[in-house]
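Labels run A, B, C and D following the written order; every chain starts at residue 1.
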Amino acid sequence: MSYRPVPGDRFSFGLWTVGWQGRDPFGDATRAVLDPAESVRRLAGLGAYGVTFHDDDLIPFGATDAERESHVKRFRQALDDTGLAVPMVTTNLFTHPVFKDGAFTANDRDVRRFALRKTLRNIDLAVELGARTYVCWGGREGAESGAAKDVGDALDRLREAFDLLGAYVTEQGYDLRFAVEPKPNEPRGDILLPTVGHALAFIERLERPQLFGVNPEVGHEQMAGLNVQHGIAQALWAGKLFHIDLNGQNGIKYDQDLRFGAGDLRQAFWLVDLLENAGYDGPRHFDFKPPRTEDAEGVWDSAAGCMRNYLILRERAAAFRADPEVREALSASRLDELARPTLEPGETPAALLADRAAYEDFDADAAARRGMAFERLDQLAMDHLLAARG
Amino acid sequence: MSYRPVPGDRFSFGLWTVGWQGRDPFGDATRAVLDPAESVRRLAGLGAYGVTFHDDDLIPFGATDAERESHVKRFRQALDDTGLAVPMVTTNLFTHPVFKDGAFTANDRDVRRFALRKTLRNIDLAVELGARTYVCWGGREGAESGAAKDVGDALDRLREAFDLLGAYVTEQGYDLRFAVEPKPNEPRGDILLPTVGHALAFIERLERPQLFGVNPEVGHEQMAGLNVQHGIAQALWAGKLFHIDLNGQNGIKYDQDLRFGAGDLRQAFWLVDLLENAGYDGPRHFDFKPPRTEDAEGVWDSAAGCMRNYLILRERAAAFRADPEVREALSASRLDELARPTLEPGETPAALLADRAAYEDFDADAAARRGMAFERLDQLAMDHLLAARG
Amino acid sequence: MSYRPVPGDRFSFGLWTVGWQGRDPFGDATRAVLDPAESVRRLAGLGAYGVTFHDDDLIPFGATDAERESHVKRFRQALDDTGLAVPMVTTNLFTHPVFKDGAFTANDRDVRRFALRKTLRNIDLAVELGARTYVCWGGREGAESGAAKDVGDALDRLREAFDLLGAYVTEQGYDLRFAVEPKPNEPRGDILLPTVGHALAFIERLERPQLFGVNPEVGHEQMAGLNVQHGIAQALWAGKLFHIDLNGQNGIKYDQDLRFGAGDLRQAFWLVDLLENAGYDGPRHFDFKPPRTEDAEGVWDSAAGCMRNYLILRERAAAFRADPEVREALSASRLDELARPTLEPGETPAALLADRAAYEDFDADAAARRGMAFERLDQLAMDHLLAARG
Amino acid sequence: MSYRPVPGDRFSFGLWTVGWQGRDPFGDATRAVLDPAESVRRLAGLGAYGVTFHDDDLIPFGATDAERESHVKRFRQALDDTGLAVPMVTTNLFTHPVFKDGAFTANDRDVRRFALRKTLRNIDLAVELGARTYVCWGGREGAESGAAKDVGDALDRLREAFDLLGAYVTEQGYDLRFAVEPKPNEPRGDILLPTVGHALAFIERLERPQLFGVNPEVGHEQMAGLNVQHGIAQALWAGKLFHIDLNGQNGIKYDQDLRFGAGDLRQAFWLVDLLENAGYDGPRHFDFKPPRTEDAEGVWDSAAGCMRNYLILRERAAAFRADPEVREALSASRLDELARPTLEPGETPAALLADRAAYEDFDADAAARRGMAFERLDQLAMDHLLAARG
């Protein structure tokens, strides 16, 4: 079986991923600046379908209008030459020191207004380039100390900002939805909307909740020790998985942004299984950082690895789901019973209370003796993941 | 200043906290069974206002109706004698082995039905005893392996269960609201609704969301490395802080249930500051476990410590908020600006776009040079916490 | 390829693993008591080589001498019948409430003396049954609060205890070495000798360091977020890997004791690669807990899965090391240069200072441009792990 | 009580701490370069005793000999003007991209040789300036993937490097000791010698172990979820606490380097209690980063806060130890019994075996009923920490 990606696989990459120069808190850049047009060409050559960016990835902060135009033109040319799509765009509201206390929730009101304007401007470009999803990562919406941020006030400001963005795309008639990206911490000590759950809950208090969903990132959930498959399943259940950032992370520590598959391989397997089987049809977007030990060629090895690992896991998940022994094992573990409603159609509390089988005649000790057979089921999954069946 | 609790402080304790016998995964009980009536009397003597319980804390699983009646009567007598209230009640859906794969989301449908019946029965008792809040902790609603639980199906089952409970209290005309308690893991590898955020989001998909809120537990949020103050502030912002479980935890590890104040003292300070100043008027409920190294007397020292630490922190938070230098420092850190809307009243996207001060004439570099003065503010907080001002 | 274990694979299991009844902090036992003799027979049937135990696993705490004799006899018979070895034995110094504050470092001196006597007694049995390794896990040697344990005093007491044990086996002429097992926390808030490193350091201060090594457990290191491969490599480097406990853990949380392979699969791969290639010749000992959702049959599925996963990973690691492209990639990543000493044979500081190529003529910028090619190498490892080469 | 630091308090700061410009993985510098001489003057003005530095903090990487001389001269002048000492010096082996794969354990041999030379050169300067301690933090001695670093080989290279440094200072007759600084991860995925324990163990395999000790950093231990007081107590117990880095960290996440006292306040209290009472007489060195939200003045507020918090905690710890009720409580918790040897003077294994009181006549159940009274003791500590006694 070959694991060569094709555009139909819907793989996309951020310009900032392959373009990362390797500057970290303790060290200077190890790689040269990468021309966005070159990135487009290399990604297309590897079989990707799309490319995404922050405004400042394409057009340096503070560029003149003429420079801006020239950067966009050059980028468009590369897109036209390669056929790469721009399915998603986002804003950089964290690199310039003006955002040191956040953007939409900065204590300084003029910074908040500037952040909104920077975002509105880039939304226009996003739509121009055909993007359907606009990601909002509140990189520095948070605090390191307790009095520095009144969280209630900050959430009010965040709602105000998102409501304005929703009003704008509605008024403009843009076909664009927003995907909020949660992260628990780093670069701030604690960040608002730290997990998929917090973001989903917040969205429900917006003026136009239907325009807002989430963009979970594998590593961000794992930085809080959470099960990625579970969080993304809840987002899907809520109808809110608008986009996804795939990468790797080795547990609770600094944000590693490893290539997809590196880090927790078993969670990666279950995530692919979920995405392929639960109706997600958006891009498979990689938000990773090729380690700074790599040179320019290593960057492309790392990018190719992301796609290859996804394809391997997709194959293994499909085989797992197709295996008759697995189906039998799922049934032995009563997954079919879980799919069945607990109540009879239309059953009322009174009816349930009247059912003696449910309580008075239920033998709890006997029921407790039934094994769940999860270990056998999980070993079958392991065998499929490792291609060790038979 | 004395730190003696009085009923007006609204401190409550679970029977299972002071009654914990000290059985842990590696060891047998170190303390004898504690009579619930005795707990009521001791708690009242210490200055508590209320007592709470799981059904099985009061009435052993499988008790006959006569035994049940006798246990309840004895407990009521103690309440009457002491004036202690029962502000909250909850169900034990995790100790008996029949719940080994969960309760409302167990793969076995008959277990789910039994769990609903067990809950309904205890809701009647809760109302009888005057409780206004019913806590739902899904102790074992989760999994250790990826195929063992279809999360979408499980969330459907959870919704079904909560909708039934909501229907029941509505039909009965009970004045009772539900508080869902999140926890990331333990005793299951991963638990559904792992954080305050996930629970808040889930509630929005219920039939009667107005009946449902959250019961965050300090240590449960800290087991996911999350900032407790932030999570609870979001619950308050959403109008959903129906109850709270106060205790202590030393970071990301097994569930420690230390007395309140032990563990992360600075987060405890900010939490008290928040509860006292952001309009929470429910009980201050302690869900802790006196360490198993303690004998019977140590249990009461531990319980008294929970209340004492709350009172000390309450005093310090009040002094912090009243200090004119703190007010000046909050202003220097522009907390007042954060409280001010980002937009002018009625300001539209078009109006914002027309404001050149917001973007074209905004000097980002100059704005970036403004210091936030958070360190001075945080040191003032530290000084107040430690009573080291002056 | 078949993955059937045989005794030559040197797989061993603790009686307490398959015999775990599933009691956890929130729930009662889900499985019946398992007869040690039955465990021996089942493990032999699965292809294991050895069985290990705590004194109390075999002989209940407080048994009379006659009961003791009968239990041992019955166990010996099962060993004789099956040919299973007893390569390691250990002491239970944590279940009985007398050990609630520890054993060798309990504040109570009489508890410490009792713990020593309990250990000496079981050492005699260990030797009688042919064990060559005696594991010491200080289950409760720790504290929940700062003043409760003077760590310096406690380490003095621990040294005293180990020195006594060392003196005993020396005087008796026993061919038995001790393996200290580190764990960061649980059941105590913090445990002394929390990692492989702390245990290795401690050993160096004993009277007979040569008799003492470590028994690292996969999950225990991962509970501190540490890389298992690294910690065990340091133990091997120090000549101190006397035994190993294999299991699975999903990151930093409560002690999960999953079957080997579950949890962090990539670390499991590198660990097997290390054990097979770095000269470890002791037992591959599984210290896991079949999840309490399993019934009696599930227990054996779980045990079989431990061995199967080890064999799969052993096969994959061997293929990785044998692949010529991997060898080339290792060389491209300069692993061969790492194996070469930094200094010339006998090179003195003065000689190094005189070498202009090392500093004055070294072009740091040019050297910095060399890529390490780690991503390609790691993808080759991933391909081998997943059997996705070609 | 005033909390004004004086040189006799032995507080020291790294040039890189107050001089940190606020560059982080997601953002550019927020503060201007700070002149080392200015830092010296400001620190002296705040009451510090010493200043420390990496070579590149004082002399930019690649400076000519003339530039170097000028930088050193200017710095010396500031030292002379203020009376500040230079108790410790260290090497920057992580910022320049040439160190992207480490220094003493880089796979490239020429990088390793260069790193040694860079270190030797700076040792000369350290001695010239009167330093008695040389800290070695292996910032990038580690890996992100399993095959990228053979840990056994890497530890051989690390030993070789330290043995060379030990030989050098011995040959030169320098009065200088080395303090190895552990860190679990960041900027590498996993770093060699991740904890105090691993570093202590490693030192024992060096040629001149007496020249080597550790330099634990509060936050580094907490990044592995370890108890700082415990780790540093073990270092003291081993006679190896040569230096210490004080700062703050909020649990397991990226390296925060908060000012001392921020983060885990209770561990900070116990750490100060330990340092003041267990014979540590070295500098109290702060290795923190003023948050990038601060401007130049905020930097000095943050630095002053480090010292103030230490002094407050020192006062509280002294009051705790001096309180007669605390002494009584320590005795009630049998800390005095822990200080007493478990064995009688000269007691042999045989003598212990002959003592029936230790085993045959020991009533384990009765002993188990004794409470440890740790909760009362810990509440007394809390009261002293919070100045809430009486």
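Here, a residue touches a chain if its C-beta (ideal position, glycine included) is under 8 Å from a C-beta of that chain, and two chains touch if they have at least 3 such contacts.
In this text the structure is predicted, and so the values were computed from the model without any measurement.
For the pairs B-C and C-D, the count of C-beta pairs in contact is higher at C-D.
Per-chain Cα centroids separate subunit B from subunit C by 38 Å.
Averaged Cα coordinates give subunit C a centre that lies 29 Å from the centre of subunit D.
Touching of two or more other chains is recorded for residues 30, 96-97, 100-101, 144-145, 148, 184-185, 189-190, 223, 225, 227, 250, 252-253, 262, 266, 291, 293, 368-370, 372, 374-375, 378 of subunit C. Interchain contacts join each chain to each other chain, per the touch definition above. Against subunit B, in their complex, subunit D makes its touches with residues 3, 30, 222, 225, 227, 250-253, 259, 261-266, 290-291, 293-298, 301-302, 304-305, 308-309, 312, 316, 368-376, 378-379, 382, 385-388.
Those residues of subunit C lying in contact with subunit D across their complex are 61-62, 96-98, 100-101, 104-114, 116-118, 120-121, 143-157, 160-161, 164, 167-168, 171, 184-185, 189-190, 192-202, 204-205, 223-227, 229-231, 233-234, 236-238, 252, 266-267, 269-270, 273, 278, 320, 326, 330, 333-335, 337-343, 348-350, 352-353, 355, 357-359, 362, 364-365, 367-370, 372, 374-375, 377-378, 380-381. Residue ranges of subunit B in contact with subunit C, taken from their complex: 22-30, 94-97, 99-101, 139-140, 144-145, 148, 184-187, 189-190, 223, 250, 252-256, 258, 262, 291-293.
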